[in-house]
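Chain naming follows the written order as A, B, C and D, and within any one chain the residues start at number 1.
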Amino acid sequence: MLSFESDYIQGVHPQILENLIKTNMEVQTGYGFDKYSESAKAKIKALCGEQSEVFLLNGGTQTNQIVIDTMLESYQGVICADTGHINSHEAGAIEFTGHKVITLDNELGKIVPKKLSSYLSLFFKDENHEHCVIPGMVYISHPTEYGTLYTKDELKAISAICKEYSLKLYMDGARLGYALASNGSDVTLSDISNLCDAFYIGGTKVGALCGEAVVFTKNNTPSHFFTCIKQHGALLAKGRLLGVQFDTLFTDDLYFKISKNAIEKADTLRQVFKEKGYNFYIETTTNQIFIILSEAEYEKLKKNVAVGFWERLEGNRVVVRFATSWATTDNDINALIKVL
Amino acid sequence: MLSFESDYIQGVHPQILENLIKTNMEVQTGYGFDKYSESAKAKIKALCGEQSEVFLLNGGTQTNQIVIDTMLESYQGVICADTGHINSHEAGAIEFTGHKVITLDNELGKIVPKKLSSYLSLFFKDENHEHCVIPGMVYISHPTEYGTLYTKDELKAISAICKEYSLKLYMDGARLGYALASNGSDVTLSDISNLCDAFYIGGTKVGALCGEAVVFTKNNTPSHFFTCIKQHGALLAKGRLLGVQFDTLFTDDLYFKISKNAIEKADTLRQVFKEKGYNFYIETTTNQIFIILSEAEYEKLKKNVAVGFWERLEGNRVVVRFATSWATTDNDINALIKVL
Amino acid sequence: MLSFESDYIQGVHPQILENLIKTNMEVQTGYGFDKYSESAKAKIKALCGEQSEVFLLNGGTQTNQIVIDTMLESYQGVICADTGHINSHEAGAIEFTGHKVITLDNELGKIVPKKLSSYLSLFFKDENHEHCVIPGMVYISHPTEYGTLYTKDELKAISAICKEYSLKLYMDGARLGYALASNGSDVTLSDISNLCDAFYIGGTKVGALCGEAVVFTKNNTPSHFFTCIKQHGALLAKGRLLGVQFDTLFTDDLYFKISKNAIEKADTLRQVFKEKGYNFYIETTTNQIFIILSEAEYEKLKKNVAVGFWERLEGNRVVVRFATSWATTDNDINALIKVL
Amino acid sequence: MLSFESDYIQGVHPQILENLIKTNMEVQTGYGFDKYSESAKAKIKALCGEQSEVFLLNGGTQTNQIVIDTMLESYQGVICADTGHINSHEAGAIEFTGHKVITLDNELGKIVPKKLSSYLSLFFKDENHEHCVIPGMVYISHPTEYGTLYTKDELKAISAICKEYSLKLYMDGARLGYALASNGSDVTLSDISNLCDAFYIGGTKVGALCGEAVVFTKNNTPSHFFTCIKQHGALLAKGRLLGVQFDTLFTDDLYFKISKNAIEKADTLRQVFKEKGYNFYIETTTNQIFIILSEAEYEKLKKNVAVGFWERLEGNRVVVRFATSWATTDNDINALIKVL
């Protein structure tokens, strides 16, 4: 059985595993003060600029919850596309901490600068806006939940709007590696550090067993952030688990190399889909490919390939997702091509 | 440098590491539906009885937060000893979810049944108690934060009081393995399953890199508990990380064997302390030993041995903690004895 | 200066004031156990059926917050029209208690049964719905924020859908008196008691200085509701303030009579607007009338009449609201007509 | 039946009632922007200094909840005496907003400066304190729940400690009038404004039907405080209800005069108790008197006088509370003396 279901179906990149093995019996201080965590943070900081500070957390929803809750004042809400992960698939983790998720209609999974600007302009002009949740942050995911990417111009525009209205800009980078490695992207890590107030570099979906690296970019780490992590139930006693993983990922560009692998495999696959005349649900240049199939085609495919079921369309059609990852091999791709 | 600072200074038990390696590239479903999680849960359930249901979470504070929040009604609080971890060292993770921690004076780190009974009796007799937080649960840690243990009689008494007043009984088993392996304990896992409504079997401090196994003992899993885990930011995409660890720990009694190792090493150490005339701060039979030292002795010791600093006493004395673990070797103990 | 700005610009109905004066120096028990609160609750219960239980709270947002928070499980959200008060103008009071507000597109300020049904059907069919906020309640306002009313058939349909999916149905009746008195309504208080799980009878906008009467209709008062009121900061020491007001409102049908006054005045006004060729923004039969004016007309009107500014339309037009109330007199109406 | 049960058993001071009647049909803007609220706030500000800002809320628990929640960072807790109202009788309203209440042993209902200083010193010296709730505020009640008062020296000492450790000092003045009118007090309103960061002037127990006036003393109103009031469900549409009451209380020193009445009556009563040889449970100089009675005496007393039952002591004795108020008359006192 072939599996293109998601990018978190396999364990950890072998190089990380090797380092976990090598360091296993070393004595290390707990709670993230081990030398690997320190090293990982220093390496990421070096990529993100002098004003950045880095923290390692366990998972994406946890990271979104903690960053949003600690960066917002208690009376503020966070704006996101209606398709945003925090709005749709995080079980209310943001509202759990008291903050409203304010949605804007997405276009291709993205927030449109014009709509954002128009919303904020109307909001603050409304004489009664003090009776409402005050927007305090814009949340974007890059790549989005639909595998699409913000252009540098879009990012700049959103960042400028945020500055104009004193909102923070936060990027969910659960699959950030795949965005940076995409040939369709003109956005660099440095751009992100410059334009966002905070973002995270996803590990779980890019080679780690667990772990996300949060970056506050402007000497703007929320006060007592360590205590806040613990308060949210997110502090690991053996922080080394995260430290070793991110230290390895950011040694010799491993994070970028394995992300590139996923993109190359996806590009090959995209090409094949095109040649074979498949219908794309949405155009992407990252590791997620959304294809429209007839029910019959889907039923047949399922016998050999596990894919992600996305949604049902009119006319007995379905949308399925093919995801490649750091672990996808040429063999996997060739085997898939044979059954397409 | 010798290290007896805590029981989470080293990585993961080698047998677990081996299984992580072996299963690493297998394709497994996410979110805890992998076959290792299923197997681990089945093995733990077999030990805890037909009415039990098992969930795997990442860390202790997280587990306490989620279990307490989901088992309590929103107007209820949780009773614990003033020394209880949720009261003292979890950064307010319980209050973060809206629940008051109601403290009783501890004796040797434990809740005293008589005090509990007296508190509850007075509380519910008070005509104004509807103006107060309603106690809904008793939280105990076993071993306690001071390494002490509840006797079976104490546990029965507390359980009976809880039943009388319709409170839930929840046990924090961050170091449960070390309690069960202690020669000073008459409490079995089966007793715990019978007497508590919920408890967790600690992994992080007993051989795992991370992970705690929550057991609801009476067909009493909180409704939509999976969703609640996600809402609290605690759901891992690669649940296999927890699954493989607990599956290994509960195969061939590994959890109990490695706990026994820690106890044997601690027992040897305790004997040596006694023979050498050291003053014990508190009598324990688990893997934590609390010794009173003069400042001078402490300064000297610190040059060779990392220990846990506990507190400062009058008369220029300090309390330090020596902790053994699943990883402590005879060599470690012998080396320590030489410098005592 | 004439004022049709809102229905809370004047104090309290004279009959209530008289009873406040009469009872002022009487000794009464605190916290809602005074005889007037008891009497008020009994009178409302008599109208709402044997299974109902009544509580008196201070304001609308407070009432929505407490009822929704106590009726929902902590992992549940509440569905409402995007125009619903809890979504737009309560400063995130619902999210403050941890619950997501899930919005459906409104039609004339109302939830459309078909859209609700379709949303719920899709939601529960989605295999991943346990990663999402579980809908636990439908919130409707009657009259809506746009002064419109649900028909009995619509209410029945929504109630049936709620039953099918095990959701609670809750009605925000901030202006309920004006709904019940409307000639355009076929919904009675008894219908509401039968079809909703909870609702409130608004006092603040219908003759009281403050106060809303919550009705749980099916022996379904949330557990320890008194304690929950206090926990939410909403318990008045001198509950008599609410008791005397609602006792008066529900003696000799005062609540219904003064509501009728508002409707009669609004009906007269509506007729005049029609005759004079004004454009209605939305058709209503309650005490709120929404009229489209040119900017010039609006500027002229403002010199003599205070109205509610609603929104700006394309083409230099604005929507304004004229609200009548229990306190509106024939003189007020005649004076207004003169300047129209 | 005589009643000395509490200071909230009667309605509103006649002068306030008169002004409510007089202003009843006036058109006033909602949400606290009416002219009476503006006037009341200006009058209180004049008493509390140029840097002060005043807000009107409905009740004591609500006020404590909102002030504490908005002045604290989300990771901070509030220190109070174990007998403090927020710890004992507010149903967890503080924890509901996520903040831990950290208790110190009281002496006569008060926080002892030395204990506070010692607690804070130890806390911040503890290397692990970032794993704990960070204290961010000291809450004191004045008079305390036991009717006792802080001296100016005590208040200065606590204020200085708060400054040293960057904590806010907040005073719960539910009965502040009775403190200021007490002959046993050397603390003025001006002292309180100088030494506290925030406090409230209680209305409910000092002549109002409802209402407390919050004072932020140092140009330190929490950001978007209006929105926060609404978010906590505490904004009244008809803010005039609070405005008229406080405007009247702070015209011609009414607040201070009626407080003085309660003290004079209590002083007379205290003298009689002393002469008749009654045992005082605690010495007070405010409007609350705590007397120890035998069960038999209590049973006899109850036939003629409603008093507050406080607690049961060993030896078949009970503590009861006699409370005077703005409404207590010479006749009430004389009648009580006759049955003592």
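One rule holds for everything that comes next: a residue touches a chain if its C-beta (ideal position, glycine included) is under 8 Å from a C-beta of that chain, and two chains touch if they have at least 3 such contacts.
Since the model is a prediction, treat every value here as computed from it, not as a measurement.
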Result of counting contacting C-beta pairs for A-B and A-C, higher pair: A-B
Chain whose Cα centroid lies at the greatest distance from that of subunit B: C
Length of the line joining the C-alpha centres of subunit A and subunit B, rounded to whole Å: 34
Separation of subunit B from subunit C, taking each centre as the mean of its C-alpha atoms, in whole Å: 50
Mean-CA-position distance for subunit C and subunit A (Å): 42
For subunit A, residues that touch 2 or more chains besides their own: 75, 90-92, 96, 98, 130-133, 227-228, 230-231
For the subunit B and subunit A complex, residues of the former touching the latter: 1, 3, 6, 8-12, 14, 17, 20-21, 23-30, 58-62, 64-66, 90-93, 96, 204-205, 209-210, 227-228, 230-238, 240-241, 306, 327
Touch list for subunit D against partner subunit A, complex: 69-70, 73-75, 98, 130-134, 223-224, 226-228, 230-231
Residue ranges of subunit A in contact with subunit C within the complex: 75, 77, 88-92, 95-101, 103, 127-128, 130-133, 309
